[in-house]
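First chain A sits with chain B, and in the next complex the same chain sits with chain C.
Let's look at the complex of A and B:
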């Protein structure tokens, strides 16, 4: 009887969460799946079942692969620099010195700027003729760089902004990890003669593995979905030289109103992201169990 | 006994019924009176955070409230505004009594609207007299099949600016004449410059392009928006002025495989744009990362002798500011040197309101639309809410220029420009076709493709798009 009442309470408490998940997640995704099998297009005024045609179109579209490739490059570069710079800054802030707290506050500032505002700010700083970056370069007699107007530089410029904005996040997590390391172990390693890079490489990093794995995984998944920096700073251009998957989907859906096709691309991307998340989480769990 | 008892009872019942009837009837009358005084509510689509609709609405609301009409703004922004209206319109509902559209959306929403001609007649307004208040090309944009569908509320045009101090400087004038053998173009009384040919324009741009002591260009002869949609509209301006549109009558690309005779014209435009940056080097390569705002800033900081984009919007950056004190109020111009014949027109930006054919409050909605085209109300709103441009009405446009609200070239621009709709047949694929152009134009300006490749890529791209849409 008590068990039955407990079970009822359990259902009662979890029901809102189940309902919210159904309404907010399952229904939109299932609607997306449904649309992806149609030629829903507000311009052409069509909306009928077309089977796997949209998926076939996605997988044979070279722009999709270019965007996917750029997306992968984007994730690798951003997460790598986030980690390296974030870890270096965490090591510095893990030491005791005057002004440490102020430095920490300054480091996390970029993270609290709204992404769109940050992107606009950087867009003006990158301006070829009147941007502050080229003005400084000019005063140092360095040739101006066409940051956003050159197909070779556009994506790199966005990457720099993204790294600037999100390294503080990585810094915070890694700093928390460093502060949690047992002081005795570090001290023992120092007594045994480990110092500098050796101490970091052989002692600190192995001990921090569970933490940086989670941080890198979460950042990789988050960066895979990036949209705002690219959209505001380059719009995917010049041409499509800085198009990534999210901007490519946005253009297909909202510029060309091809909802059926866009739903298919979105679902392919969703499968990629879910597969990435599962493999990362699975890896984490397995490693955790082996520890 | 029974009857004696029954009579008062019956009397009471009769009295009650009568009184009840009176009460009921009274209630009915009260309801009717209330209904007569209750304002009719109309829902009008507006663009969220946009000065034109945000600025106009309070005046229209006040004006119509006196006529018992309650105007409710239903705001939306960009694609959300488009999609919400399209979904409502295609499902035949009356969420909006009045639709709002811009040039590329107007052909899509037109079939869900109702022509205003009969309503004008019913309201005692002479239709031809009403239309005569607008520039003819504005009426052409607002009409379909000879019937007026739309009431324009925002007519914008791309224009060029030029630094007054440079063009009016006698030393510059003498140096130009010595170098090129003819006079530096001079403005008319309204500050409008005219470049008779492309060569004159390029000569002037080259003349003013100057390098600093470090060898890097510190004054560009010319800058234009190069990025995204605003970069694309520069090409569209030249395309329309060359007498072309995106599509021919059957939906083929206007310079695709079905229309090869137009390919040299497009190549000519593409070569001109390419040369400005890559060959003549009179335009900053950085414009590929710049939209209207950045171009406005570049001109405002004195880094460019001439600029071209939706410059009317940038007027407040210069008028009455430090810029004016330092360089003088900018001169303005239109790129008529790109015209191939007098009938060819540049690009117009039109925003307009339309009556929903399924509206339940058509009479009130028509009153709203007529109020939106009232010159006095418009001028009052312009003065108080700082509306940036006119609505295509002759008197309003003249007032704007004479009161220095817009630059002088606004009038020749509005008089000579067109838009996708009448210039190019109204195919709903205009926006995707523009996207094909945008991508290729950015590749062209950045030197990724040649003018020949641009012609082929865009012609074939638009052709494929229309083929896929089932037009041929």
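Let's look at the complex of A and C:
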């Protein structure tokens, strides 16, 4: 039984965290709103109150929409392949064979590399002249590809890197899910004649639904915020062909020094993602108790 | 699963995961002449030596940057523990609608895109003269990692049965005494795992680190700095990548039993 007095003590204990969180939210957001109402721009050398003009500019800025679109594309592709590859890896590791533990350790390795380092590594491997990918392609008499230098391939190349780096994340969660499935049920399904793909599709996946929902939602949100790979590998280029929201904001603030405008984009993105997160959260809570 | 299919899949998996890492190791040790082949004919450790022991041709040693990273991330993870410990404990014991609501609110905060607050934070920290200080960057990491800290810690507190405190209360201990004397000693494992993951998340952060530091550069912006040069020195850059990944390996090994919990920021409890 918790008494009223104890209840009060508990709430007091939460106060420091809640207070610092509120300050950490209200302060930058209000400052951001304030900046977004100005045309603060160090290159154009302007800093005056312009009202809502920046927001109008955001909503009619094609580069903003393209970045948003690429961002959505990025999330869909990365999460899809994370899931497919990660699930295949988990299925393999769920079997009994010699070297299973070693294989698990190996699979996790890409996640251990700092994202910036992974981005650098892949940027090197993609290098047109000396990169290993083009070298191998060359020795197999396939044409060299300008992976990061051509507008058509740049984003795809970054996507491959992101998939490589974060599949272990999905793998770990799906493996935990697979291992948590009751062995009797799987065995019963097997006796009833379900095997191979049917067993996976009709029995395992439906039973793992709560876990993969959480995994996919979390991964989608994390991927939506991504920055490192694009920034280090292409800087959003060539041109702006691989810009996503984070690199677009970063560039307009710290390369073009258009602070007022980038503060406005930031807030639009903030509102957009908070709305998105709320709907994801509602979906997860309605369907699942243990979150 | 068929034995041959399985062997084939294992082969694919190993090529896909190990291939790039093999490149990383091989190319960071390839002597200049044998560069850009799959099997270098000459191996050298000079790039590692340059980075660990300082300049031979303009290369800086990695230690100052490693130190900046470790200081900032340690401060941040200690601060996260300090704030999240009492808060998560209370969330674990208060089972009211209100506390659940706040707790879930932290989940939404965890999903906040950090880019959205980058510009305002830059100006706030500039006016507080906290740009290029350990304090400024640590403060940012504290704020961004606090939700993760609270979620992870609450998961651990939930596993400690409330009966332990109840018997202490009956003997006249207050909530605070019971928390200090009984709960915190039992939560040691959870505290260290939480600290490790907060450290990890801060250790790999690039965006804020590159905007908020000038001299006190942490490892990710230091690394990124190599490739923004016109013709980066690839072997050197890859060697730096390897060395800055070593702490990650150690921390992951330490926290491996709670991996699923940690990488989902407490959203899944295994």
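Note that in this section the second predicted complex is superposed on the first by the 272 of 291 C-alpha atoms of A that agree within 3 Å, B and C clash if a C-alpha of one lies under 4 Å from a C-alpha of the other, contacts with A are read in each partner's own complex, and residues count from 1 in each chain.
We adopt the following convention: a residue touches a chain if its C-beta (ideal position, glycine included) is under 8 Å from a C-beta of that chain, and two chains touch if they have at least 3 such contacts.
Predicted model, so just to flag it, every value in this text is computed and none were measured.
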Just chain B (first), just chain C (second), both, or neither: which does A:124 touch? both
State whether A:283 touches chain B only (first), chain C only (second), both chains, or neither. neither
Quick one: is A:254 in contact with chain B, with chain C, with both, or with neither? Answer first, second, both or neither. both
Return first, second, both or neither, reflecting whether A:7 touches chain B, chain C, both chains, or no partner chain. second
On the A-aligned overlay, A:56 touches which partner chain: chain B = first, chain C = second, or both, or neither? neither
Looking at chain A, which partner touches more of its residues: chain C or chain B? C
Does chain B (first) or chain C (second) touch A:115, or do both, or does neither? second
Should A:147 be classified as contacting the first partner (chain B), the second (chain C), both, or neither? first
Does chain B (first) or chain C (second) touch A:227, or do both, or does neither? second
Classify the contacts of A:135 with the two partner chains as first (chain B alone), second (chain C alone), both, or neither. second
Identify the residues of chain A that lie in both the chain B contact region and the chain C contact region. 123-124, 130, 235, 254
Within the complex, chain A is touched by chain B residues 79, 83, 86-87, 90, 108, 214, 216, 220, 226-228, 284-290, 294, 297-298, 301, 303, 428-429, 431-432, 435, 438-440, 442-443, 445-446, 448, 469-470
Which residues of chain A touch chain C once you look at their complex with the stated criterion? 1-2, 6-7, 9-11, 13-14, 16-18, 20-21, 24-25, 27-29, 31-32, 35, 85, 88-89, 91-92, 95, 97, 103, 106-118, 120-125, 130-132, 135-136, 164, 168-169, 172-173, 176, 180, 196, 211, 214-215, 218, 221, 224-225, 227-228, 231-232, 235, 245-246, 249-250, 253-254, 259, 262-263, 266-267, 269-270, 273-274, 277-278, 280-281, 285, 290-291
Using the touch definition from the top, list the residues of chain C that touch chain A in their complex. 1, 6, 9-10, 13-14, 16-18, 20-21, 23-24, 27, 35-38, 83-84, 86-87, 89-91, 93-94, 96, 99, 102, 104, 106-109, 111-124, 142-143, 146-147, 150, 166, 169, 174-176, 179, 203-204, 206-207, 211, 219-221, 223-224, 226-228, 234, 237-238, 240-242, 244-245, 248-249, 252, 259-260, 263-265, 267-270
Could you please specify the touching residues of chain A with respect to chain B in the complex? 42-45, 123-124, 126-130, 138, 141, 143-144, 146-151, 154, 234-235, 237-241, 251, 254-257
